[in-house]
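For clarity, chains are labelled A, B, C and D in written order, and residue numbers in each chain start from 1.
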Amino acid sequence: MDYIKLTQEKLSVDEASILATHPSCGAISLFVGTTRNTFQGKDVVRLEYESYIEMAEKEMKSLCKVARKKWPLKHIVIHHRLGLVPVKEASVIIAVSSEHRRESLDAVSYLIDSLKAKVPIWKKEIYTDGNSDWKKNKE
Amino acid sequence: MASQVQEVAGGMTEREVSVSVLFFAGARDLAGVERSAITLPVVTTPEQLLARVVRSFGELDIIRDSVIISLNQEYCVPGQELVLSAEDEVAIIPPISGGV
Amino acid sequence: MDYIKLTQEKLSVDEASILATHPSCGAISLFVGTTRNTFQGKDVVRLEYESYIEMAEKEMKSLCKVARKKWPLKHIVIHHRLGLVPVKEASVIIAVSSEHRRESLDAVSYLIDSLKAKVPIWKKEIYTDGNSDWKKNKE
Amino acid sequence: MASQVQEVAGGMTEREVSVSVLFFAGARDLAGVERSAITLPVVTTPEQLLARVVRSFGELDIIRDSVIISLNQEYCVPGQELVLSAEDEVAIIPPISGGV
């Protein structure tokens, strides 16, 4: 099953890992992206995310499809938070279950890389000096 | 948004259609709107489409080299032939920054 | 900080991810190993883990040291459950935080591989037919 | 557990010491005990040490090719020279299976 969610609510690592759990699977790998408190020496107060939601969901589903062609996976969870995200809280959680560990480890790595490259979501950093910037994923 | 026929330079006619264009993040800040109906050629490319959008929203000129066009929630490829109709949804996609 | 724990208590993914969280880090990668319900066609009722605890702790600390030489990491959490572990519950949780995602993804992968290869912990599978087997990590 | 001197074949003397040996998992099941004090040569190798342990706990013979010896919570390397003293802790480590 693919569990895809874009939400204004706080994300939960426990929720993602419970969704990914399956009795036939020995492995769940997760990635949690959290807000950092500095960017190039400037103090970040908070982040704001927005998304082209319809398209983001389509792209996420298509990433899941590609991942499932590459590896035998059970459940895939992709949760992305939108709106204001305070420092230390998660902006994205990816969880993947598989029978053996290698597949889920590789799939999580692939999914976060591809999400950053392809899914239309934008992050604005708001600094303590009142300025803000739309960011751009370099990688 | 019915399609129209317009006289273009050189005397050829070019069919046009009015489609929804969405602006996100920095593009929205510059355009000053989230969504607009823009009249575009029925047969076009992402580059021509963007040129038309920039003609209507001049502020977008400074980011035109970094944006990507999507049509009906799919990324367009440079030079791709696009055939637009009135129900289509175009979006101006500035560099993305989801994830961490 | 290295957080190492061998415990009879149920493991918590949330606890591990909270321990790993740090405001300077944008990434937490986790691996959760869970009991599977079958092994080579036999139904597994439960697993039982035992450990040479003193040595296991030493080995885990030494894995952390090696991982920190390989990658710039903030926190490392290695929690392993001992005693009876019912199907679907976690036997091991590894969590690593880093400034950028690549380091923590690679470190988690390294740590679970090395843990399985080097840390003196043994698993006994108990089947529905009443038989049981001490397992052996192949990889 | 004081060290002793014992007459060995060829007339040479071999110093011995009694150390704690721990048995885990399958090794414990076969030995029937978790821990035992075993008299071992002061200077030895993991292979000689294991042979002595198997002499005391014959059931271990069936897994002797798959176990590893640890000394004071460190894995021993095959052929490594070990110098034992009374406070040392030796363990018989069957194939491990931690993690998933």
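Following the convention adopted for this analysis, a residue touches a chain if its C-beta (ideal position, glycine included) is under 8 Å from a C-beta of that chain, and two chains touch if they have at least 3 such contacts.
Bear in mind that the values here come from a model prediction, so they are computed numbers and not experimental data.
J.: Using the touch rule from the top, work out which pair, C-D or A-D, shares more C-beta pairs.
T.: More contacting C-beta pairs are found at C-D.
J.: Find the geometric centre of each of chain A and chain C from their Cα atoms only, then give the gap between the two centres in Å, rounded to an integer.
T.: 23
J.: Can you work out the whole-Å distance between the CA centroids of chain B and chain D?
T.: It comes to 77 Å between the two C-alpha centres.
J.: Report the inter-chain centroid distance for chain C and chain D in whole angstrom, where each centroid is the mean of the CA atoms.
T.: 29
J.: With centres defined as the mean C-alpha position, give me the chain A-chain D separation in Å.
T.: 51
J.: Listing for chain C: what residues touch at least two other chains?
T.: As it turns out, chain C has residues touching two or more other chains at 26-27, 33-34, 101, 112.
J.: Among the residues of chain D, which ones contact at least 2 other chains?
T.: In chain D, the residues touching two or more other chains are 99-100.
J.: Which label fits the chain touch graph of this model best, line, ring, star, complete or other?
T.: Here the contact pattern is something else, fitting no line, ring, star or complete shape.
J.: What chain-chain pairs meet the touch criterion?
T.: By the stated definition, chains touch in these pairs: A-B, A-C, A-D, B-C, C-D.
J.: Contact residues on chain A for chain B in the complex?
T.: Touch residues, chain A against chain B: 33-34, 49-52, 54-56, 58, 80, 91-92, 112, 115-124, 134-137.
J.: Going by the contact rule set out above, which residues of chain A touch chain C in the complex?
T.: Counting only chain A, the residues touching chain C are 12-14, 17, 21, 23-38, 87-88, 99, 101, 105, 108-109, 112.
J.: Name, in rising order, each residue of chain D that touches chain A in their complex.
T.: Answer in residue numbers: 99-100.
J.: What residues on chain B touch chain A, complex-wise?
T.: Residues 22, 24-26, 29, 70, 73-75, 91, 93-100 of chain B touch chain A in their complex.
J.: Chain D touches which residues of chain A in the complex?
T.: Touching chain D: residues 26-27, 100-101 of chain A.
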